[in-house]
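The following pair of complexes shares a single chain, chain A, combined with chain B in the former and chain C in the latter.
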Partner chain A sequence: MTKKTSALAAALLLTSAGTALAADPIRIGVVTPLSGTYAPIGQQVRWGLELAAKQVNDKGGIAGRPVELLFEDEEANPAVAVQKAEKLFQVAKVDFLTGTVNSGSTLAVGQVAERNDRLLATTVSFADSITTDKCSPNVFRVNARAGQQSAALAEWLNKEKPKSKVFFLGPDYEMGRSTVAAFKQAATDKGASDAGEVFAPLDSKDYTQYFGQLRASRPAVIYTSVAGNDTVRLLTQLEEYGLLRNLTVVGASGTVTSQNIGAIGKAAEGFVTGVGYSPEIGTPENKAFVDAFRAAYKTDPDLYGADSFGLIHFYKAAVEKAGTTATAALRDAMRGIQWQTPQGTKTMRGGDHQAVQEMYAVQVTDGKFRIVGTVPGEAAIGQDLCTKF
Partner chain B sequence: MPEFLDYFQFVLAPQMLNGLSLGVAVILMALGLTIIFGLLDVINMAHGEFYAIGAFLALSVGALGFDFWVMLAVVPLMMVPIGWLTEQVLIQRVFHSRERHILTLLLTFGFGMVLEDVLKLVYGPNTQKPPTPIGGGTEILGIFLPNYRLFLIVFGAALILAVWLVVFRSRLGAMVRAAAWDKDMASSLGVPVRLVYSGTFAFGVALAGLSGVLLAPIYSVFPTMGRDFILMAFTVVIVGGMGSIQGAVVAGVLLTQVQAISSLYISPVWSDPLVFGIMVMVLMVRPQGLFGKLGNA
Partner chain C sequence: MRDVMLSGRLATRGGGAVRNAVHLLALVFLLLAIAFGVIAWAAGDTFYLRLATEALIFAGLAMSVDILLGYTGLLSLGQALYFGLGAYTSAVVLRDIGPSFWLAMGMTLVLATLAGTLGGFIANRVKGVYFALITFGLAQVVAKVVYNTRELGASDGLIGVPEITIPLGLFTVEAANPAAFFLFVLAFVLLLYAGIAYLMDTPFGRTLTAIRANDRRVPFLGSNPLVYRMLAYVLAANVAALTGALYPMLRGFVSPELMFFHTSGNAVITVIVGGVGTLIGPILGSVLLTALRSVVGTWTEHHLIVIGVLFMLSVILLPKGLIGAIRPWLQHRLTGSETPR
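What follows is the complex of A and B.
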């Protein structure tokens, strides 16, 4: 009732002002890092959302209402993210929230959403906990989580090199140990055998001290989840010692990136990882998306841009199904919904609010990632481990 | 028995050789530090950044189309004026203060931070890597070692020997040692002490730059790379004796071997605390280090 009258009042106001806008906009708050180390990721998030919002608005908006995006810089700092999210909910009265990049921010902002009885979705955070043991009825994830990435990689490995001996090398901290444990589980479940594991300190200078152990265990495959400079050193030193000749190197999705692939050079050739998106995907939907993205921003979208683009369509589908932006009805509509993204159709699993999607194995060939395999969403999704709702 | 041979051939022996190539790298860094300390009584906290500058200059020289051997000769020469100016413009300002140790330590520490940011501004934050100048590998008794590491060990050893000869067997070295022992007496005997100071500092900086060129193909190049070896190099200098060349060599080989072999049996994360633990023990039992100071020996 009040909503209708206020919409009416707004419409009256707008017509009297002479504009053609008929409805109250839907406000989506975006709390994302626009400065600091993660700024390049925040930039992709922003571009993906803005492109989708523009296309949707050009076609009449969501349920006849235009989409409005409100950006706040969270500096990749959970404490700042919480303040900015609170501000967007309380002051700007946003209907929905997205944009958080690091998993700590997503978890913290999830609690703010619960307190304010609003919904949020992340398009970037990988940490499994967001939709497993720390799941929240108010938080959705439209991108693939770490578990899906390693499941996709294990699937590829099983198909290409069944029953291989795998050696595991991770950085010695929480993320490194959990990624190795997750992939080891996924790979040995499919018949691979464990040739040994080693955890090197972060920022190791020399990985050659582990090469003895590596050679003695005679593996066919090495899995690693090191990142940044560590990857440069590990892979170039492996090459220096001639160990890459009969070895397939696979790893986490953050191991070889556009930031370090140049420095790794030849030693990166053949590296395989599991991801949720690649600009290479050959579907007409993706081609249209990549072309529009390039035309607007003069660069290729990455998985963050693509998943943020997809988020607007997720929200649109849910609002149009529910016929409202009210939290409870919208949450019910989101559970089990299917929507179109550059990667194809995704499905939101109701039990843990995790998107189910096709996954890809990509391999470095001539310095660029090429798709070498696809894994159906069902094979990569894993069990629903959320027990809170 | 074959099991042990397998272990020795694949694990223990390569590990010791790897430790040795790392040891040579650390000694090259420690040499410059210890010479500067032995003569000027200055703890150069910016030494790691001079090492980084050497590596980046190698990239620039390489980008101009010159090969590795040109870099090896040119970069240390380019480092000399940098070191000379640093000593003249910065160190000399606080050199005669009563708080010399603290002031030079803070000064070089701050200067190192500035240099690191300058490198970031000029070359960008991303990692780069020059090509390995000597490819392939050699098998010695079934133990595989890349040719470049072999070269590094041999060249490094020759370089250390050359530095030792210059300091202990040349007229120039005698002047340096005399200035370190008693600068007033040396000065009155006609040793140009001011020149010796600047020259020695520049020499130490050139050595750091040379290590940068030598190690860039193995450890890659990025603005914060200066932090990589500096802790280990300081540890080597402290254990070997502040200002001692023999000390730096002995402690450098010893500590990197401890690190290399221990990391086979304990988690590699604990091999650093082990090495620093040795440093603490040496400081407690023999604070002057294994060998005496430059000029005193």
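What follows is the complex of A and C.
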């Protein structure tokens, strides 16, 4: 346990001493990357959870018990994550686990949860497999999965540019290919046509070699799932070749982010993606959340921070419904439960443990993401493909 | 060949004390490990037993690095390739073919020998820093291939490896039982240790040491250094793969991170901290570093800095590693008069 959390827990114990003098804290283990490439995501997870835990504890905790968070660094490495998860389950005796970021860690830690008969929820991993073919009775997901993101984008595309020709450009590795395949499926189901696809190696310096094929197929829309500096090069090269005129660029949620939007500059203008959260959401709940987050951490929450914040409320609602933290009863309570998040009300689908939530299409306007469309949860969720339970 | 033996004898006159010192340390380690196992079992512990089991598994990887680095003088920066190969082979066999321990180990042995021979042919064409770079490159290539192969779970890795029962003739060991599996892995790793230690004491091992000292002179002794380097490489590949095969039995999954440089690099650090060319040093080093990582990692998120500083301190203050620091003292105690080498 870090000094910060112990201080927090101590403060909570003091403030809630009136209502729950003898109550044991509810311990939530957080296995998240605090060092390495994914540290910025882990930081958002931590802030979201700490903010929610503080607010919940100020109001008397969960069923009269204060929430205590125990953090462990998983280094975005499943082999480290399982070890840390086991430590939290076996030594710290946590009641619940969350925080895993990369889907490999979530899947591996989910198995640890299964073997320890405890429950786990991810607030970040978006690989479809976690709640489809590799679903687990002990794993829940409170954030939107990749399928929901591409469904939301396809929905927006169908509304704004129906039956358009779409060209697909992905990075040439397993995840890049699967995101392109998923969006192509979602878009063609809605009536878009396939103008061709190309896969460029990761870290490509020169995308112009694909521009001939791109122009020849005369698409109205280009979909891309490249990320990081690859997006910078792709979009600036498209701009330099004048190909962005009359072309709508859409992409995966990680394609244009706050990290690379500055480097892309005006070539990012008009880019559209589907996401599960945006700080721009105009509801009073979200405004209150964003204000509290900014006040505490001097920065905007992103979707990881918001979904992690929502997780504490998910757990609170489930424990109060079940009246216990025991695994079997809590699992039953979590299935079908509705809870409040900055994005509004979410519903946990019982069949595959996937949260159903409103999705958003966001567009870059003047260097900032603006919400340009909302897709109701039911339209984006897709089929329940989990057969394990 | 007789010359090698002769020079070996000359070099290790009083080497009996060296060997005895190291073997005594191995015995002490075994007794301490059994004591730990019994206490942890009596206390009903799961986590620490399984953490110790993992430390022993990574000790196997470190021993494999030590065969190359400490005996043959070859720095491998890609030993995780074979560790991962063993882990994936075992995971696939247990998951998709049948939960048979011996089948998994047999398949691992065959594949590791093939892959080790192939990798050895590529890497042993060069020496020194080029060897290090080639081994590094080979491991990166294979890790990327696994990372992008959907049949092997791609970036997500493979989960759902069953908890197996290991038949050992007279009795069986449940991999799900933390104390039993700990003792099993302890026995497995120490048997590997004993086997390698014996082998390093034979003319074969002496020739490897001769290659480390001066590989140009080895042909004059009538031995082809390339053959011996190949044998050492394949042996090391098998040691890494066989212990790697135990990983999914413990954790129930494999992921491409097991093949990444992170894993290879940690193994080299473990060998250097424990003591290069001692075999028992890497085992002790693995146990110490695993425990340290677990404790420091909970204490602060800046654990990499702490481990890094400790590594630098150990290189500066204990250039021969932990065992290198203890051994002269122990030898002195054993023989009474022997001057430390």
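Simple rule for what comes next: the second predicted complex is superposed on the first by the 369 of 389 C-alpha atoms of A that agree within 3 Å, B and C clash if a C-alpha of one lies under 4 Å from a C-alpha of the other, contacts with A are read in each partner's own complex, and residues count from 1 in each chain.
The rule is short, and it goes like this: a contact is a pair of C-beta atoms (placed from the backbone, for glycine too) under 8 Å apart; a residue touches a chain by one contact, two chains touch by 3 or more.
All of these numbers come straight from a predicted model, not from anything done at the bench.
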> Superposed on chain A, are chain B and chain C clashing or fitting side by side?
Replying inline: fit
>> After the superposition on A, what does A:Thr236 contact: first (chain B), second (chain C), both or neither?
In response: first
> Does the superposition put A:Phe199 against chain B (first), chain C (second), both, or neither?
Replying inline: first
>> Tell me the contact category for A:Arg115 with respect to chain B and chain C: first, second, both or neither.
In response: second
> Looking at the overlay, does A:Gly228 come into contact with chain B only (first), chain C only (second), both, or neither?
Replying inline: first
>> Quick one: is A:Ala216 in contact with chain B, with chain C, with both, or with neither? Answer first, second, both or neither.
In response: first
>> According to the stated criteria, A:Gly270 is in contact with first (chain B), second (chain C), both, or neither; which is it?
In response: neither
>> To make sure I follow: the centres are taken over C-alpha atoms, the vertex is chain A, the ends are chain B and chain C. What is that angle to the nearest 10 degrees?
In response: 60
>> Per the contact definition in the header, classify A:Ala79: touching chain B only (first), chain C only (second), both, or neither.
In response: second
> If you take every C-alpha pair with one atom in chain B and one in chain C, what is the shortest distance in Å after superposing?
Replying inline: 8
> Which residues of chain C touch chain A in their complex?
Replying inline: 45-48, 50-51, 54, 147-150, 154-157, 159-160, 163, 251-253, 255-258, 262-263, 294, 297-304
> Can you list the chain A residues touching chain C in their complex?
Replying inline: 1-2, 34-35, 71-73, 77-79, 82-84, 86-87, 89-91, 102-104, 107-108, 110-112, 115, 127, 129, 134, 173-175
> Inside the complex, what are the residues of chain A that reach chain B?
Replying inline: 172, 198-201, 203-206, 208-213, 215-216, 228-229, 232-233, 236-237, 240-242, 259-260, 262-265
> Can you name the residues of chain B that touch chain A in the complex?
Replying inline: 6-7, 10-12, 14-15, 18-19, 22, 126-129, 131-132, 137, 144, 146, 148-149, 218-220, 222, 228-229, 260, 263-264, 267-269, 272
